[in-house]
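Heads up: the structure comes next, in structure tokens.
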């Protein structure tokens, strides 16, 4: 086999025959296959005695998390999640999900990832040191620990999304500009993508905790119920963040309306005061001439000051009116 | 006296043997552990004979209310709620939830809170005086009384939120300004946070009232049904308040639109009347001169009055038009 | 007892001992307690042999309609509804709900209302005249008649709300003003409050009609199914009215947008025509003088008419353009 | 009997005694009562041996479609639907629903309509010619044929509503005006009213197709499943039409915003170009005089052309700017 | 050879006896009837021994995908989907759905399409070469392969819709114009139409995978579960695309608001600066004359420069104010 299969047994084994032997031998065995090449897809199921349809679900990358009982094992499909930075595109962050398959047998566990995976490292190290505990609790308990590690990573993604929302909230209050909607749309995309992982994962783990699945022992169901609680929290937070981001959207859109309103008030106050005054000045700039009815005030001694005072009173009245309207 | 309330603290740890003895002895026992230090987490479950996963759910602080049957006891996770003032941040109020664990055994009840807790004081005092009644009704009835006390406090939170909504409603009608949306967003956050407590608590108490849970006696189920009714009311009120706050939001946003509309009407009326008149005045200010076709009315005896009356008629016609349009 | 309990039996009885005797005696008995003082709450359940939790639900006033089986009786909590006028507040109408408790025993019915109640009068009168029929059909049939009377009153409330909606619809089309949103908000509040009565009442009556409740005879279930149908209609109408009022809200908000649009068109047409013309007039009002390149048309014989015709053509062209745009 | 009951048997019968005799006699019987007077309501159930509550549901006109088992028969309440034109009111079309009751007995079928009904005519004619087939398939198959005929008419209503939506869509694109929202509101009302018929009818027919109802033979359930499929299509189309009409609403409201935007651009371009120019012209119209610092360009040989060219350059620059902004 | 694929055409109708013989003979048989003429509808069911109601569902074209058990066979109705270009209409793309019926018998499979169909060609070719495998796995496995081929085509439709959404997103950011809403509406229509195929198909395939359907062998259910997973993905993607297109709609509508806001700012800045200045110029253009109080600055040596500098300062102050407001 070209992939790097690591067999975690007390004895240790790394060749394919040893793997089969370890599975068939008494005692708990965990085989972890990582960064597996797609070309190995065809023979994978046959070699390890798991169903080819389930193996395809891992390689396919699009199938939603789920748990399915097969005759000799239970298949659990989970997805790891991380928020990756994309350079050079409009939407710069993206929820990247990598499928991980867990095949829970009677006394063996096969885990399969098509990419490299750090999430299982602490559990693997713990296993290497304390392999006797697994014999006590079973490979279903080991499966719980691995699924729990995957779900713990979800909270890091949620923290990052929460930081993004808080950053947008600050921008909305400080300086609303049109890129806010794009940021909120990106956050919404991320939440949408994340929900597509977390929601079915919740159902998959719920099935493991309810006693419907043959390869999970009764005394271990409560551990899957604990992971289920965490996944409920994840889904709750996703919904909360959706709500918060739509609240920010409302405040932003209102800020645009308010800004238009402010702009209009300024224009209206200035134009409403000066357009009539300009008309008055225009009247006195007309060239009517030489008749007693043609603007005799033009020649009065106090004509000009009277007109200026009249215009000032008109402007003052309007200013008072606008202040009462709350436009100033 | 068959009932014993014991407070478990770091100092009281040497009284641990007394606690175990009280649990194992015949007769009802209530142990209440409050303000427990996180460092005591690890040994807590083992010492008191309750499951460590459940103890972690209390210490963790994020797990939603729930009720879970274990072999020797039923675990109920509830959350107390209060609306606390935060100084120096944009959103000044926050729903603070503190987890409280109730472990209902056959003839014992263990309650666990990581923070200080006043809610149980009246019940504790009542039972100190009338410990014989507990022997009669069982520790599941005591658990009902404590859960009922927690839920009664929810209504105080709802009252405060209702006051906040009414304050916003008054501001919307009296003087709509952009901070209203922020206030409504804060109320929405509070309701969202509160719903995350009340909704699962309703389901947890419902399970206790339906006869599915072994450690609740049949004749006591009706009391949990009563608490369930209160939690249904809480959830109903939360939905109602969401609706009311979104109604206020609509009225506020319409007030902004209306204000823009009013501003535009003012500008339009003034500009539409005076811009044409200013044009007329401008025409008569042109320096055409010396030909019989160049504004002969400038020299007519009644030229100026005629022009002024014409302009007045034009303005009057427009005023009538605007009044008919409802713009004045 | 200080409350006015009316015992409807063939013999008639109005003292407490008679009441207990009537209940215990063979033959159907209906006891109706109305306008009961809260101070009587404590002893009520004990005296009449019904559960105190249920009595509290009636006195509490906030509990939602429901039906609950107890050992010796079935408790049905219903709410009467009326739309009352409130003077001196912003929202002038309010759905007032009064709780009515019905305790259906084997051959007795206890009804309890904390306020005065007219709804049961016709049934009471009918009972007084035809008490033999109740013996035939049972007190569960009597309970059906009383619940049916309560639900019939709901349609009067719905009629009034429909009238309010129609009044708002007329105002929206005739003269949209900002108070419309407040009216619609009030209607929405009323529908919200009403739904909180009707929705759980539907479920409570549904339970009575499905054979789950011990104190309803099989042959009487179809009557509760009939009341259930009416409650489904009530809930349907509430949803329909919500939809209609949100349709009116859309039309109103569009009317505001349209009004702003109309105002802007008027301003734009007038300003766009006259501002350029005023500029032209301003040019010919400049005091350039004495050179051959300084506006020689000022002294041409047909200079002024030519300019005026030019300006008229410009204005006409713009009017044609605006009419083509649909702005006139 | 005053109503026109038509009894479809091989022998034919039109008097009441014959009707009862036909029902009681062996062999399939279909009695159809149409245009029945409300005054006949009271005796209807008793005479024909069907339950009075079910008869009331037909006469009442408000009860939703449903199917209910009674002891001796199954009652199915359906509603015919047509879209009628109303003259002289704001909303001119209305979904008119007429209740039709079907009572399916062992070997008889009673159909009851309070109004005249054409929908059953083809089936009646077919029955008259081929009454032997009904003996073969049972009166439940006949009930299927009649319900199928009622549901087939729903598609005509949907076609008309689709035409209305398409007409509105054309108007939205061609010439958006405020009556569009009223038209869309009317369509929404129609869909709402229609959904209130189709949704419960779907559930009623589903019950008939699932084997829960005693008076439908197993081999005939598949026919009701076929009608159920049609009702699912009807409900689907109603939802689709709601979506389409809300899509049209969005496009219309955007057209209003766009129009305001276009109007504002026109105003802004014209005003922004000519207001500064008018200011310049106004400056040169000031009467400063007689000092070397007072606008000496007024007397320069090329002063006027230079100013005019300057103003032309300013206007040209702004035009270029506006074109780059996309405002022209 | 135990497998026989027969194409039923109008010409091939005389080979009908061969088809019946193949069905009745032992060994697996697949009959595929394509491009069938509606005039063959009536005799189709009878000839092939399948139920006429099911045949009508295929010919009808409107019935939703479903799976239904009949006595001798299971009927599965699927729909192929493609996105076709329509020339000369407003909405140019349309989801075209063609019904395909699959009748799964004990050892035979009948597939029926009213139009030509390429989707089944690869499977047909594969089975012609390897007909022995069908004998091994059964005609229900063959049905799985054909349904899987239909569902695989759905992803091509989704890819095209995704491209359309991305094209709109680019246009929204680059150059928002009113046709964007029409494009988004078209996408929404397509998604709506597609969902009406995918949603019920998911339920139909789910029924085949759950062991409820008699003609699917237990060991083949997992294959239908695999198709079910793909259909869940399809429905997920449809919901995601709806969300994305409504996100684009928000950004577009905000772009319109922003544009209006920008336009208004430009107008306000220009008008607010120049309208007061024009008023000042107008004042100095008034023809007051000959008195010491009539604008003596007109004759001052530095009168004109002082006025110009004053106006410049006023304009500069306003520019600074507007820049602080963020309007420049």
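So that you can tell them apart, the chains are marked A, B, C, D and E in the order they are listed, and the count of residues begins at 1 in each.
Note that in this section a residue touches a chain if its C-beta (ideal position, glycine included) is under 8 Å from a C-beta of that chain, and two chains touch if they have at least 3 such contacts.
Everything numeric here is computed off the predicted structure, so don't read it as measured data.
In a homomeric contact, the two copies may use the same or different surfaces; for subunit C and subunit D, under half of the interface residue numbers are shared, pointing to different surfaces. Note on subunit B versus subunit E: their Cα superposition corresponds to a rotation of 145 degrees, in steps of 5. Mean C-alpha positions place subunit C and subunit E at a centre distance of 39 Å.
Remark: subunit A and subunit B have CA centroids separated by 24 Å (rounded to whole angstrom). Across the assembly, subunit D contributes residues 257, 260, 264, 267, 271, 275, 278, 282, 285-287, 295 that each touch 2 or more other chains.
Chain contacts here close into one cycle, and each chain has exactly two touching partners.
Round the ring, the chains follow in the order C, D, E, A, B when counting starts at subunit C and proceeds to subunit D. The part of subunit B that touches subunit C in the complex is made up of residues 173, 222-223, 225-226, 229, 232-233, 236, 240, 243-244, 247, 250-251, 254-255, 257-258, 260-261, 264-265, 267-268, 271-272, 275-276, 278-279, 282-283, 285-295, 325-327. Residue ranges on subunit B touching subunit A, taken from their complex, read 51, 53, 56-57, 62-64, 66, 68, 70, 90, 175, 178, 181-182, 185, 188-189, 192, 196, 249, 253, 256-257, 259-260, 262-264, 266-267, 270-271, 274-275, 277-278, 281-282, 284-287, 295, 298-305, 307-308.
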